[in-house]
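You will see subunit A twice below: alongside subunit B first, and alongside subunit C after that.
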Partner chain A sequence: MKLAIHLAYKNLMGAGLRTWLNAGVLSFAFVFIIFYNGLIDGWNKQASIDSIHWEFGNGQLLHGAYDASNPFSIPDGHGILPKSAQANLTPILIRQATIYPQGRMMSVHLKGIDENQSVLKLPTHLLKKSTANIPVIMGTRMANTTNTRVGDEMLVRWRDNNGTYDATNVTVVGIFETNVPNVDVGQLWMSIDKLWEITNLGQHATMFIANEHYVHQNIPGWRFENQAYLLRELTEIINMKKTSGAILYILLLTLGLLAIFDTQVLSIFRRQKEIGTYIALGMTRWQVVRMFTAEGGMYSIFATILGALYGIPLLAYFSKTGIGFEITGDEFGIVMAERMYPVYGLRLIFGTLLLVVLSATIVSFLPARKISQMNPVEALKGKLQ
Partner chain B sequence: MSEKIIQTENLVKRFPVGDGEFTALDDINLSFDKGEFAGIVGPSGSGKTTLLNIIGSLDSPSQGTATVMGKRISSLSHKEAAQLRNLHIGFIFQVYNLLPVYTVYENVEFVLLLQNRSAAERKKAVMEALEWVGIENLAHKKPSKLSGGEGQRVAIARAMVKRPELVLADEPTANLDAKNAHAILQTMKKLNEELKTTFLFSTHDEKVMAYMNRLIHLEDGKVAKDELVQAKTV
Partner chain C sequence: MHYLLTIAMLVCVSPSLFAQDAAGIIKKVDDNMISETQIMVSEMVIHGKRNNRVVTSKGYSEGRFKSFTEYLAPDREKGIKMLKLENNLWIYSPSTDRTIQLSGHMLRQSVMGSDLSYEDMMEDRKLMDMYNAKVTGEEVIDSRKTWVLQLNAKVDDVAYDSRKIWVDQERYVPLKEELYAKSNRNRQWPCYGGSPLKEELYAKSGQLLKKTVMSDIKKIDGRWYPTTLNYKDMLKDGKGTDFIVKEIRFNEPIPEYIFSKASLKK
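Then we have the complex of A and B:
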């Protein structure tokens, strides 16, 4: 095999530009696969971290009657959790309400949260230091929709625990920026104490956010959803993206491999005399097959070197500066930053490298096998076989 | 007693042609001693190259036997045949068959790489072979930059570098002018005399025949005449 590699190297180097054209095409596929997967992995990592920091914490303890995907479960989906079970948990109470920004009517969720919390990145300290009667905070998306600025007041109407409507003005004391639309779109955040007060639902909570010290024990009437469970939808979306991306890079890889396959098939036709000469000089047919296969496999090594030359600086640049997207995930309700930072793991790089080397070697072997059936006399004459 | 290097007995080679067969060699009985400088001569299609290919273990007989250096060609596996060619037989082709991407040095070195010789051994042997044929100054040139005569000298150096017992030369001067043809033949004759290498030519060139000690005339695949002749001296 050492001899096959040695000879394959000499043949490829001797072939000059043809070698580097094939390696160039393959290297593009190689760099693109790493870039695309790195981007998806970066999105996955960023989206997971953002979701944990802004929405999920270390898991959520939900009232048994509350279903996050069913808004009709909000009115009754709350209860009181015994104080003894509330260690390392931050309560959130969700109520439906209507706001009237600039005379328009809009349904929202009023979310009461402990203003001293630190488990989520929500700037609840703004609620604490405000002197307004009912201070609220909202995300930039919500602020844009309602055309609201910090300091604006708006009318809010809600129903208390007896179903009686009540209304008052709230003051927007903070607008935060987040990649997580679930804590932004259609939501007003206020102190849970205020929400308890205006709804007469003292000590009630719809859910609790667990911090990293929380250890779950079964509590009747409540269910715990851990981080992995809460992130499952995001993981599913990202896996789906990976699959659709795979189609694209399989196409690219196929193009690169086709170039190698084509070169190999042509080589075997064009280099029949050379093949015959190798055999006449004392190589076995399988030694020649190995040499041609090694030539094909070596394209992938050259592609790696070439890809590394322009790929490393390019991928490192994107990894540092990120890639800006015109669209965000708001419309789809998914967590997606405006700039994404690709993440390239060793597994991704070496996995891709292995994939490219193996597939290039296989597509080289397929036409090279023909040599093992060649008649050396006919090959020496250069006759097509 | 002289050492028999090649022996053929009732050798027949047939090729399929359409629905029938074409007999390229018919009942060939020949033997060659070590150190011979012999030519198989005859017109095109008389079976010269076919006989050389069988002796060189590139092809096998349809009937009869061909024994080269004690090995019966028809019973050799691909691997054994390759080993026989690699270690004991040198080939010189009409169109040189140099490997185009290698330099002259690398072309000559190639057969030694197949023998897993050390780098130092290879270098010594290659330079010696290039000196034999007088092209040591062309060592780093690619075949495309060589003249016909130079190319054939490289082919001779490649055939000789491993010091084979037998060199098979198929129309080695067919693509050369008279001056180069003589020069090449003189080189081979000299190597034959100095190294006692057996040379077996296939040719229909009178210039080549003049250098032979023995001429085997083939006609329609049969030995028409096998004669010892007075060769031209170097």
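Then we have the complex of A and C:
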């Protein structure tokens, strides 16, 4: 085997530019696979962390009648959870309302949250320290849509528990920046005590956010959704993106492997005398097959080295500076930062390496199999077989 | 002395007299405005920033819980149908050939960009069932003498906690109406005689939400009825929405199939 590798190396180096062209194409596929998957993994990691910090906490305990994907469930999807079951939980009450920024009409969700909470990153301390009658906070997207700044007052109309309209001005005491549109778009956050007061829904909650100490026990009328379940949509999007990205890099990899395959076919055709000589010198046919397979497989090693030469600085650069995208996830309601920072795990790098080496070795072996059927005498004569 | 006592007694008694009258007034208003059935062809003029849109529709209603509306013009809205049964509202759109049910917050959306919400269109309970009334003054609107009535909710499940209506003294038709929210408890109302009424009476009166001005009062089928109404969402910019009654018939029998979901796709 050592001889096979040695000879393979000599042959490849002797082939010069042809070798480096093959290795170059393969290295591009190699680097691209790592880059693309790293980017998606980076998005996944960032989006998961942001979602947990801003929206999901350690899971959510939801009122049985509330369905986050169905706004019709908001009016009736709330209830009172016994105090004894509220340990390590932060209550949130959601009510529908209408705001009138600059005389325009907009439907919003009023979300009441415990202003002392620390389970979510929402700056609820601003609600606590404000002296305004009804202080609210909102995200930057909402602030941009309504053209609102900190200190502005806004007219809000809502309905109380009996369905009677009520309206008053609220004061914006904070605008926060988040990558999670689900806590930003079309929402005003206020103290839950205040929301209870203005809607006559004291102690009612639509959901509770669990902290890391929460241990769920079955509570009738309420259902618990853990982090993995809450992140399922994100996971599905990520997996879908990975699958669609795979089409592109499989195409690139195929191009690289096709080049190796062609080179191997040509080598075996042109180097028949060499093959005959190896056999005449005492090598078995399968030893020659192994040598040619090693030669093809070595392209992938060269591709790895070449890819590492330009890929490592390039990928490291992107990992550090991130990549900015013109689009954001706002319009799709998905968590997506303005800049994405790729994450390259060892599993990804070695997995890709293994994929490239294995696939290159397999496509090298396929044409090399022909050697095992060659007549050595004919091969020595250089006759076409 | 006797003279002073008489004045004092009149001052004490007059609010209760007004209260008694007010109940009679809103009953007569309800009798004028609400009928067993109603078939109406109307135009809705929606005043936009640049231009106005006119939407023509034909509506059928029976009692409080059933109504059916078909939009006749313009072409963009033609064929849209709305059916209200109890507290449910369905809308059929011919362009998609689909029927959707509106509930919850969607009912608070405006109808075709107007100042009316679907919920406003669905609200048709009798005033006397929902409010306690009190005459708070008299005013003249368009040369018509009116009573000013303050209506405060007597039941919990009303959309507007209080209303103020100006009722024509001769025809028992409202000429103006203001709808108020609950909050803003410091508000005080000017009242009959110019002095503010007691705080507790209007404790719940708050932000003015909507205003309706009725005009072109005509006698139709023996009852006075306003044929032009201007609805204005007071929290929104704009001139509001005009609702013009082109044709109206009261208490005519309406076939039952009109108020079925099947009629939406007909």
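Here, the second predicted complex is superposed on the first by the 385 of 385 C-alpha atoms of A that agree within 3 Å, B and C clash if a C-alpha of one lies under 4 Å from a C-alpha of the other, contacts with A are read in each partner's own complex, and residues count from 1 in each chain.
The rule we apply is simple: a contact is a pair of C-beta atoms (placed from the backbone, for glycine too) under 8 Å apart; a residue touches a chain by one contact, two chains touch by 3 or more.
Source: prediction; values computed, not measured.
Once the two complexes are overlaid through subunit A, subunit B and subunit C fit side by side, free of any clash as defined at the top of the document. Shared-chain residue A:A246: touches no atom of subunit B or subunit C. Applying the stated contact rule after C-alpha superposition, one finds that A:Y165 touches subunit C and leaves subunit B untouched. In the superposed model, subunit B and subunit C sit 150 degrees apart as seen from the Cα centre of subunit A, a figure rounded to the nearest 10. Of the two partner chains placed by the overlay, only subunit B lies in contact with A:P376; subunit C stays clear of it. By the touch criterion defined above, A:A308 reaches neither subunit B nor subunit C.
Contacts of A:I198 after superposition: subunit C is touched, whereas subunit B is not reached.
The gap separating subunit B from subunit C at its narrowest, counted between C-alpha atoms of the superposed chains, is 73 angstrom. Partner subunit A is touched in their complex by these residues of subunit B: 53, 56, 58-59, 78-79, 82-83, 85-87, 91, 93, 95, 97, 99-102, 106, 110-111, 113-116, 158. Partner subunit B is touched in their complex by these residues of subunit A: 3, 6-7, 10-11, 13-15, 273-274, 276-277, 279-287, 375-377, 380. Against subunit C, the residues of subunit A that register as touching in their complex are 71-72, 74-75, 96, 98, 100, 102-105, 107, 155, 157, 159-160, 162-168, 198. By the touch criterion stated above, subunit C contacts subunit A in their complex at residues 103-106, 108-110, 153, 156-161, 179, 181-184, 206-207, 209, 233, 235-238.
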